[in-house]
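Shared between the two complexes below is subunit A, which has subunit B as its partner in the first and subunit C in the second.
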Partner chain A sequence: MDIRSQISMIFHLDKCIGCHTCSIACKNIWTDRKGVEYQWWNNVETKPGTGYPSKWEDQDIYKGGWEKSGSSIKLKGAGKVKGLGNIFHNPHMPVIDDYYEPFTYKYLDLIESPAGDDQPTARPVSLITGKPIDIKSGPNWDDDLSGTPDYARKDPNLVNLSPAEQEAMFQLEKMAFFYLPRICNHCLNPGCVASCPSGALYKRGEDGIVLVNQDVCRGWRMCVTACPYKKTYYNWHTGKSEKCILCFPRIEAGLAPACMHSCVGRIRYLGVVLYDADRIEEVASSDDKDLVQNHLDLILDPHDPAIIKAAKENGIPDSTIRSAQASPTYKFVKDWGLALPLHAEFRTLPMLFYVPPLLPVMASLGKSDPAQLDKMGPVVKQWNDDWLYDTSTDDIFGTLDNARFPIEYMASLFSAGDTEMVKARIQKLMAVRIHRRHVTVGDISAEKSAEALKQAGLTAKMADDIYYLTSLAKFDDRFVIPASHREQAIEMMEFTGDKKGSAGFGFKEGTAQRGL
Partner chain B sequence: MGSLDYFLFVAFPYIAIAVFLVGTIYRYNQKGYKVTSLSAQFLENRRGFWGTVPFHWGILMVALGHLVAFLFPKLVLSWNSDPARLIMHEGLGFTFAVAVFVGLAALIIRRLTNERLQQVTTRMDLFIEFFLLLQVVLGCWIALGYRWGSSWFAADLSPYLWSLVKLNPQTDAVIAMPLVIKSHIVCAFSILFVFPFTRLVHLLVAPLHYIMRPYQVVIWYWDRKKIRDAGTPWSEARPRNN
Partner chain C sequence: MTTDFFVKRRFAVAGSLAVLACLSLVCAAPAQASGETDFNTYCGACHSIGQGRRVGPDLAGIHDRRSQDWLEKFVKSSQAMIKSGDAEAVALAAEYSNLVMPDAVISAAQIKAVLSYIRDSASPAAAVVPGTVESLAGAAPAAAEPSPAAEVVPPSPADIETGQALFEGSQRFENGGAACNSCHHVRNDAVMGGGILAAELTTVFSRMGTPGLRAILGAAPFPVMQAAYENHVLTEAEVGALVAFLQYADSEEYNQLPRDYGIGLFLTGIVGAAILFLLFGTVWRGRRVASVNQAIYDRQVKSVSDTQ
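Let's turn to the complex of A and B:
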């Protein structure tokens, strides 16, 4: 057993309002430079949609992540043979047009244009060539289902749905969507690290953050292919790859990363989990049907005395163990079984977990029947006098199978296709609502509430805790981060020269300059 | 021996090698950050494929051919003693040289005509690309006009290069060569001379160590167990990587 600690995140999708504040916070701090204008280390996608870069989930195109090979796994589009063989031209690499051509507007023209017959306009110009361009797309071009025929209908997750189900999903009155914010998952079995021929990418032992050493990166671009989430990016100006650094300078100081700190919907949680590094390969090589469960089982119980002892023997400081015990991630993933990894089938063992969204699933829509309407009372909302948007809690678990948003779609995103896993989580989310409605509104009987909790496998205490951490949690409940030890931090400074520049980001010689 | 010949075939090669060695080591130590492939595939993909693939594989093979003839001249001569094998050898070499030419020409045209690429093009990039093109043209010309290059390279030029290595330059054979071949040699040393100041440096960081490395890389700031042991002298607890 080789116990290590890992910074791990939860995104609660029911709470995301799609405001992109997280993306902007990140951009302003890290990627507001030449060569990385197009990079959004944090981006927010509308689902269903093709995402950023376009169709990133379709590994037939991009060949990211790992695939099973005998009893183990191998990189799908990179690795020692394929990577070195394709080093001169990487056939599966996304190029700038798969993201978008970065642009700005010539705002000064609005002020400085000479007087004329027409209003001056601020024309869009490319941030690469500086020439005027027609903007064709952007990182959130598919926001809120805009351009549905081009974006939502081409969502790679739809292949698991029958044509009839797809049609039903896109009927105008039934259309639903949700937001999927994405950052680097700081995986336990990162494809990016494994694919780098130079060995520039690495995982930090202390907290599991995955970084690119800018001094070692030689621009071979294999990580861009090998990350199935497309969260390593190529800086076209410096000829180096860059990626989300999880704001490690902030983490080291015990602060939340900028995207999480600024999140308006307060959907983000961050904490430490303990895991057994010896089991990584075994878990990543699991059979398809066991993969997600094994992935969740990799996380160890930080309250178990045997685990604590082993962790201490492995040099994990007490402060980290204490953080692991208070970790919101552990609660969501393990205590309550509410969160799932995104596309576990890519086999990188992502350490960012999502609470699947309940709202687009629960609300179903049908022709309103006056008799029904009376029965359900004011909870339901009349739509167009004729259509009914049903958010009632009647027969709550019964509606799940004919949900407005096909469960198969959620399963394709969060549980490698296993609908039961997603259903279990959605039932829990519903049960918490029923329970809280019983407590606060009182129009649901105690028996019914207890029955719902029982079916979902929760207790009233758990439901209240979930409710607290979901809705009322304070900053310190959402972010439990052990700061780097001060005494170690001081000693780190002794070796500024050989550690600072290689910490994944930043330059010792001022602004990044392009090589010869 | 005229003084120009003396300069071109005795002094200049040593200068070029010295500049190459000092320049690359200095650059790597001082500005190691800038040693990268500077790939432009991200900005232009499709046309780049038809340039970069033939160019790189071609130049690798051609360079390897020169290296083998330099290191093992006897082997090459005995291989070439059979006409069929000689023709095959020369034919293969020439094919790769043509691949270099075609690839390089495609890359130059792409670089000059693509607006995005112009943003990442320096004057040095264009200089070295045209210079390599000149060298390849000279090489092809020699292959066609002065048969059979692989044999006389092994017989005459290899001893000259070895005499440079042994610090006892024997230039008679070189000086008697036709002008085209002499230019090819001078160009070769010129490329060595400018090498540290061009994008060619990425050739020296070819990531062959990848083959031996375990896939995953984990780096620790501190040796986890030693750092917690009060008895460890502090400088002992410096990072234990991987």
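Let's turn to the complex of A and C:
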């Protein structure tokens, strides 16, 4: 047993409003430089949609992630032999148009143009070439474009759905979408780290943050291919690769990462989990059907005395273990079983978990009953035909199988195709709503609420806890950041006594030149 | 007079044979003296009188074979005569591989003096060296040709080294002349590539031998080289070293790495490139070159152009 700690995240998709505040916060701090204009370490995609870069989930195109090879796994598009063979000619990388060509406008033309017959305009110019361009695409070009033939219908996750089901999804009345915010998953088995010929990428020992050493990076871009989430990017100006650093300078100071701190919907949670590093290869090599469950089982119970003992023997500080015990990630993933990893089938063991969205599933379209309609009053939207947007709870979980968003689609995203796993989580979300409606509104009976909780495998206490952490939680509940113990880290590198007395108010370097 | 001084200086550096011949002949007549000087200056590099064939034919007894008029015209401008289609001139050029004899830079009177010098000095010399008179039919030019290889003495390594340094210009000529490789090239791995303004000298030793080279280096018959070294005469030691180096370069010719493959090299390059491109195309045939959104972009661009 080799117990290590990992900073792990939860994104509660049911709460995401798609405002992109996270993306902007990240962009303003980290990627507002030359060479990285096109990079969005944090981005928010509309699902169904092709995402950023386009069709990143389709590994037949990009060859990211791992694939099973005998009893173990190998990288799909990189690795020692393939990497060497393609080292000067990396064939599967996204091209700039798969992201988008970054642009700005010549705003100064608006105020500096000489007087003329025509209104001055601000022409778009490429941030790469500096020349005027016709804008073909942009970040979130397909934002809110569910149902469009160009984007939504080319979503790689639709591949498991029958043409009839796909068509049903994009009927005008049934159309639905949700948002999928994405950052680097800081995986336990990162493809980017494994693929780097220079050894520039590494996973920090103390908290598992995956970083690119800019001094070592040689710009081979194997990581760009190897990351199935396409979350390592190439900086064309410096010739090095860059990626999300999980705002580690903020984490070390006890602050939440910028994207999480700024999140308007408060969908993001961050906490430490303990896991067994000895089992990584075994879990990553699991059969498809066991993969997600084994992945979740890799996370260990921080309350178990045996685990605590083993963790301490492995040098994990007490403060980190206490953080792990209070971790919202552990609660969502393990205690309550609400969150799932994104595309576990890429076998990188991502450490960012998603609570699947409930809203598109909750309501179904059914035949409206004219008698019911009369009772509903004038504010209810009534179509000319007799379809109704039905959010009733008369039939517990009745809408689940009849959802306007096929469960298969969710399963393709979050559970490597296992619909039961997604269904169980959505049932829990619905049960919490039914329970809280019983408590606060009271129009649902106690029996019905208890029945829903029982079917979902929750207790009333758990449902209240979920409700609290979902709806009422304060900053310190959402972000339980362990102390980084920088004092210990620096002692490993150098003797701090050397610095004693040598630094004070400013620094003295060499002999002062007085110019006498 | 300055010309006298110049002539005297030339004497000092000219071949000893000519000097000895001049002294022995009691050269009193000025015309005779000027003819001899001009011969040594302008003709001696390629021609001898009774010492056998060098670059050009041995001129002993030339008056028995050609008329005075023909000789004067030929010396004045051999090329003009060849162009005018003179049968003898054309045959002569063909026999000497169309090697160009430079047009005379001396006056008609001087040419006459040179010719009379040749006639006067030939008679005793012709008796000494038999069989040098060759027929126009060219019955046995090979037999008449003196073989440089026969008199070859291996040069000393020190001379070769000095000669190489002088040729390359890493060592300066004493009188400040331009380094040989400004204009000449010698195919030798140890030497930096030279110019292509003048003849390639790798096998010049086989063609001319020590006497020929010494004569050319002592008093170049070529107008450009003459002008270049007029005030920068090579010393005797320098000439010896250069000849030694050229002899060495000649003998080493077949050991040099950069062999000349001719058109073969070019064709091999084309075939090799074709094979490489085929290989690249096969190995990386799956490479992504266009965006996955290309179809969308293409359609957008098309619609834009449709509306315009």
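Heads up, the rule we're going with is that the second predicted complex is superposed on the first by the 466 of 516 C-alpha atoms of A that agree within 3 Å, B and C clash if a C-alpha of one lies under 4 Å from a C-alpha of the other, contacts with A are read in each partner's own complex, and residues count from 1 in each chain.
Here is the rule we use: contacts are C-beta pairs under 8 Å (C-beta built on N, C-alpha and C of every residue); 3 or more make two chains touch, one makes a residue touch a chain.
Keep in mind that what you see is a predicted model, and the values were worked out from it rather than measured.
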Legend entry - Superposition on subunit A - do subunit B and subunit C clash or fit: clash
Inset, instruction - Look at A:D276 in the shared chain and tell me whether it touches subunit B only, subunit C only, both, or neither; answer first, second, both or neither. - result: neither
Inset, instruction - Please indicate which partner A:D418 is in contact with in the superposed arrangement: first for subunit B, second for subunit C, both, or neither. - result: neither
Inset, instruction - Mind working out whether A:E242 is in touch with subunit B, subunit C, both or neither, as first, second, both or neither? - result: neither
Inset, instruction - Quick one: classify A:D134 as touching subunit B (first), subunit C (second), both or neither. - result: second
Inset, instruction - Tell me which partner A:H89 touches in the superposition: subunit B (first), subunit C (second), both or neither. - result: both
Legend entry - Partner chain in contact with A:P190 - subunit B first, subunit C second, else both or neither: first
Inset, instruction - Figure out whether A:I61 sits in contact with subunit B (first) or subunit C (second), or with both, or with neither. - result: second
Inset, instruction - With both structures superposed, pick whichever of subunit B and subunit C touches the larger number of subunit A residues. - result: B
Inset, instruction - Give one of first, second, both or neither to describe whether A:D150 is in contact with subunit B, with subunit C, with both, or with none. - result: second
Legend entry - Identified clashing stretch of subunit C versus subunit B [26-34, 44-52, 62-70 or 260-268]: 260-268
Legend entry - Common interface residues of subunit A - those touching subunit B in one complex and subunit C in the other: 89, 91, 93, 95-96
Inset, instruction - In the complex, go through subunit B and note every residue touching subunit A. - result: 31-45, 48-49, 52-53, 56-57, 115-116, 118-120, 122, 124, 197-199, 201-202, 205, 207-211, 213, 215-225, 227-228, 234, 238-239
Legend entry - Complex contacts: residues of subunit A adjacent to subunit B: 75, 79-80, 83-84, 87-91, 93, 95-96, 128-131, 189-190, 193-194, 196-199, 201-206, 214-215, 217-221, 234, 236-240, 280, 314-317, 488, 491-492, 495, 499, 507, 509, 513-516
Legend entry - Of all residues in subunit A, those that touch subunit C in their complex: 50, 53-55, 58, 61, 85-86, 89, 91-98, 134, 136-137, 150
Inset, instruction - Using the touch definition up top, name the residues of subunit C that touch subunit A in the complex. - result: 280, 283-284, 286-294, 296-297, 300-301, 304
